[in-house]
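The two complexes that follow have chain A in common; it is paired with chain B in the first and with chain C in the second.
== the complex of A and B ==
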């Protein structure tokens, strides 16, 4: 392969890989926006839905892409359940660490539950189209990866429209910008938080289907996924749907290029190194408006 | 100990007892605190005599107490930085791992030419190297990051260090790690004594830090950083001192664990559990209290011990559920529960 073919292949891989991180990061971003915590269980929840997708295929024979219609409403309902079941009391406390620790507990619980139910060995969803491959211009694109990208973009568009065009979405955006004033305007903070959780976990459902079709997965994979979503979120800038998606894709670029040119084992160190640099020197992210959030508040 | 200029507020409800004046320097100022100190001393003496009437070698309790003491050391470390200084660190596994690696590398490469096995010099170095690391990563992280971002920064730093531990194979032995000569093992007794001593030291270390001027500065930073800075507290310096203190204790705990396991590798010592366990114990016991982490360590240790015996592989599920339930119903932890009970008694 010539140098250009390699670079274009790496670019395509980055975009296809990164979109999954991006969609997980959008969920994190929404929950962070209203709850002011990083929902550390996000990756584990994604893997949980990957297993659900796997079960739907093996037990009921439902096609993974068709199962989205089942998985996403289920995921949204579970998200609301999470909020009203375990986060509601902690959400009103000033100490954010309590909510953060509940998320850690949830992660621990789900990870080990999956270990018991599905055993720790890796699983993969295999269908007729798993091996389909496109070969445009000498590069290779797997059908499932392309579908994952399409899913990610579609999910981002749906969330974007929801946030911009509906009353509930406006309430979520308002709470992200200024929780206190939002409460004073008569918007129920519990409802807003529950919606954020519904969307966040719903996105985790979508990502779960994407992950199930592309990767082989096991329960412990979830935390790594959370970390990658977190890096994407920091790269993209918190509180910005497209920023989070782009952050994921940037992370995809960092990972594929560094693993090709530097070596596979160093990928984590490099992506975390860039993460540290970004949160230290550009806390608004690569795509966020300069001095967002805090300065905004002062202006108002 | 020098009197550090912190004037004790007279406790109105528990008036000081005159013959206790010399003791007030270590914090015994009222009848209640004397009782607490007395109970603490009695419990400590009881634990110190355990090996005389119980065979710690052949009894599961010996192992259980050793691991609980090890937990107390690392939990007190996290308590110092997160509970008292209010900076949530999620890089505990890096310091714990570095402590263990220091022990392993010094021992296997024969660097200090001393006894290595429970050698005070090696143990001290295992605590000092994490301090150096904490200062190196603490200066950039603590000067630029606050709150959640500091937590993620330390998490990232810990992950980078784990990659280094795997990658620098000629020093660390890669993913397989370092195997220490297990032939030196004779009895569980030294483990018991040393871990008890270290746990007591860790608790006293944090206690005396918190009673000093330094502790006052840390509490001020936790309550309101801007206000502390405007009152002349050098915020960054004190945060770094707390971070280094926490790293020191984590390194000591790592050293003991390496002696116990005779194996140092990323999977055993740089595991994410070493971030989660201390947090769990401190929060369960009561964040920012001196006995909270001790209670939490005993409780979590018992939970793990019984869980792994009776529930086999499902016991981490219970742990997860427990974290959620505790946080939901008693966010103040066990010590918070005590306060609630006392408060209710006073009302009625």
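== the complex of A and C ==
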């Protein structure tokens, strides 16, 4: 393979791999925006929906891409359920650590429930198109990975339009910037938080289908995914849909290129090294902030 | 005496172990401008927050046209027409002027009258119309204050509570803001005004309350307070320009 072909292939891989991190990161970003916590269960929730996708296929014979129509609304409803069920009381507390601990608890609960229900050995969703590949210009593109990218972009567009074009979406952006002022507009903070959870977990549902069709997965695979989403979020800057998606793709580049040129064993060390550098020295991310990290001092 | 629009009766408010308001009472009659003055940390902002439901009232009662609004949620209080323009404006700086105004009219009662409200706000502040697609954070200080007031007007306030609307503005803009407050009042908006600019506030208001370390220490007609030696010394200064 020529150098040019290798670089093209690595670039394609970066974008295809990174887009999944990207949608996970958009979910983290929205929940962080209104709740001010890193929703550490995000990756585990993604794996949960990967299992749901697996079940829908193996038990009911529903095609994974068709199952999105079921998985995403289900995921959004579960997100709302998470908020009203376990986060609502802690959301009003000034100490954000309580909410963070709830997320940690939820993560381990789901992980262990999945161990019981689906056993710890890896599963994979296998369909007729799992092995389909395109070979444009000497590169190789797996159909399922391309579909995952399409899903990621479609999900990002839907979320972006919701945030930009609807009154509720505007309210979510406002709450991300100033929750107190949002209350003075007569906006119910619980509704805003619940919407952030609905979108965040809805995106986890989308990512779950993407992951199920691409990777083989097991219950503990989720936490690794949360960490990658967290790196993507740091790279992209919190509070920006496209930034989060781009952050995921940048992480995809870091992984693919460092794996090829430096060595597979180095990939995670390099990713986390860059994560630390970015979050320490450029907390607004690589693509600039939109003010959501700005803290308002509350004066009496 | 007319039926008071907003009546605060002996309220206590604490932040944890620290009590911020002690047995505070205040009356805002319908159609009036009432000024609330006092030094920094006296509890003026806390009182507004108690009325708008941002902090809990431990003791006492807050009545709106005779009905208790004690410890209702901020949404319910906004819905009843008590609108709070917070200190420092608290605009959504990453949102456009239009988006800020839209959120001002978020509650269904106000949403139904969105078009009229918008026309009124653009009539009062033509500059906002010219800048409607601009980010609120890119406006000048004066424009931001206009937007903060405009956003509050979008909610169709019956009682408008303004916290330091002249803070950080140039003398010319301060005059503009006070003129605006008078105009809004003529248009039948009842106003509770918190100001450090005591002289101007007492000039425009009919009635004033003085808060000191969480207690009302003085209240009365503004003309009388303006003539009061103690008030002049403590809050206005010799030339009437000193900020407390």
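What we mean here is this: the second predicted complex is superposed on the first by the 289 of 300 C-alpha atoms of A that agree within 3 Å, B and C clash if a C-alpha of one lies under 4 Å from a C-alpha of the other, contacts with A are read in each partner's own complex, and residues count from 1 in each chain.
Here is the rule we go by: contacts are C-beta pairs under 8 Å (C-beta built on N, C-alpha and C of every residue); 3 or more make two chains touch, one makes a residue touch a chain.
Just so it is clear, the model here is predicted, and its values are computed rather than measured.
K.L.:
Give one of first, second, both or neither to describe whether A:83 is in contact with chain B, with chain C, with both, or with none.
P.N.:
neither
K.L.:
Between chain B (first) and chain C (second), which does A:173 come into contact with in this model arrangement: first, second, both, or neither?
P.N.:
A:173: touches chain C, not chain B.
K.L.:
After the superposition on A, what does A:109 contact: first (chain B), second (chain C), both or neither?
P.N.:
The answer is first: A:109 touches chain B but not chain C.
K.L.:
By residue count, is chain A touched more by chain B or by chain C?
P.N.:
Looking at chain A, the partner in contact with more of its residues is B.
K.L.:
Please work out whether A:275 is in contact with chain B alone, chain C alone, both, or neither, and reply first, second, both or neither.
P.N.:
The first partner, chain B, only.
K.L.:
In the superposed arrangement, which partner chain does A:181 touch: chain B (first), chain C (second), both, or neither?
P.N.:
second
K.L.:
According to the stated criteria, A:48 is in contact with first (chain B), second (chain C), both, or neither; which is it?
P.N.:
In the superposition, A:48 touches no partner, neither chain B nor chain C.
K.L.:
Which parts of chain A are touched by chain B and by chain C alike?
P.N.:
None.
K.L.:
So in the complex, which bits of chain A are touching chain B?
P.N.:
Against chain B, chain A makes touches at 37-38, 86, 89-90, 93, 95-98, 100-102, 104-113, 115-116, 223, 227, 230-231, 234, 265-266, 268-269, 272-273, 275-276, 279-281, 283.
K.L.:
What part of chain C is in contact with chain A in the complex they form?
P.N.:
15, 20, 41, 43, 45-46, 52-54, 73-75, 78-79, 83-84, 86-88, 90-95, 99, 102-104, 106-107, 110, 137, 151, 155
K.L.:
Chain A touches which residues of chain B in the complex?
P.N.:
For chain B paired with chain A, touching residues are 82, 88, 140-141, 144-145, 147-149, 151-153, 155-157, 159-160, 162-164, 166-167, 272, 276, 279, 283, 287, 313-314, 316-317, 319-324, 327-329, 331.
K.L.:
Note which residues of chain A are touching chain C in the complex, please.
P.N.:
167, 170-171, 173-174, 177-178, 180-188, 290-292, 294, 296, 299-300
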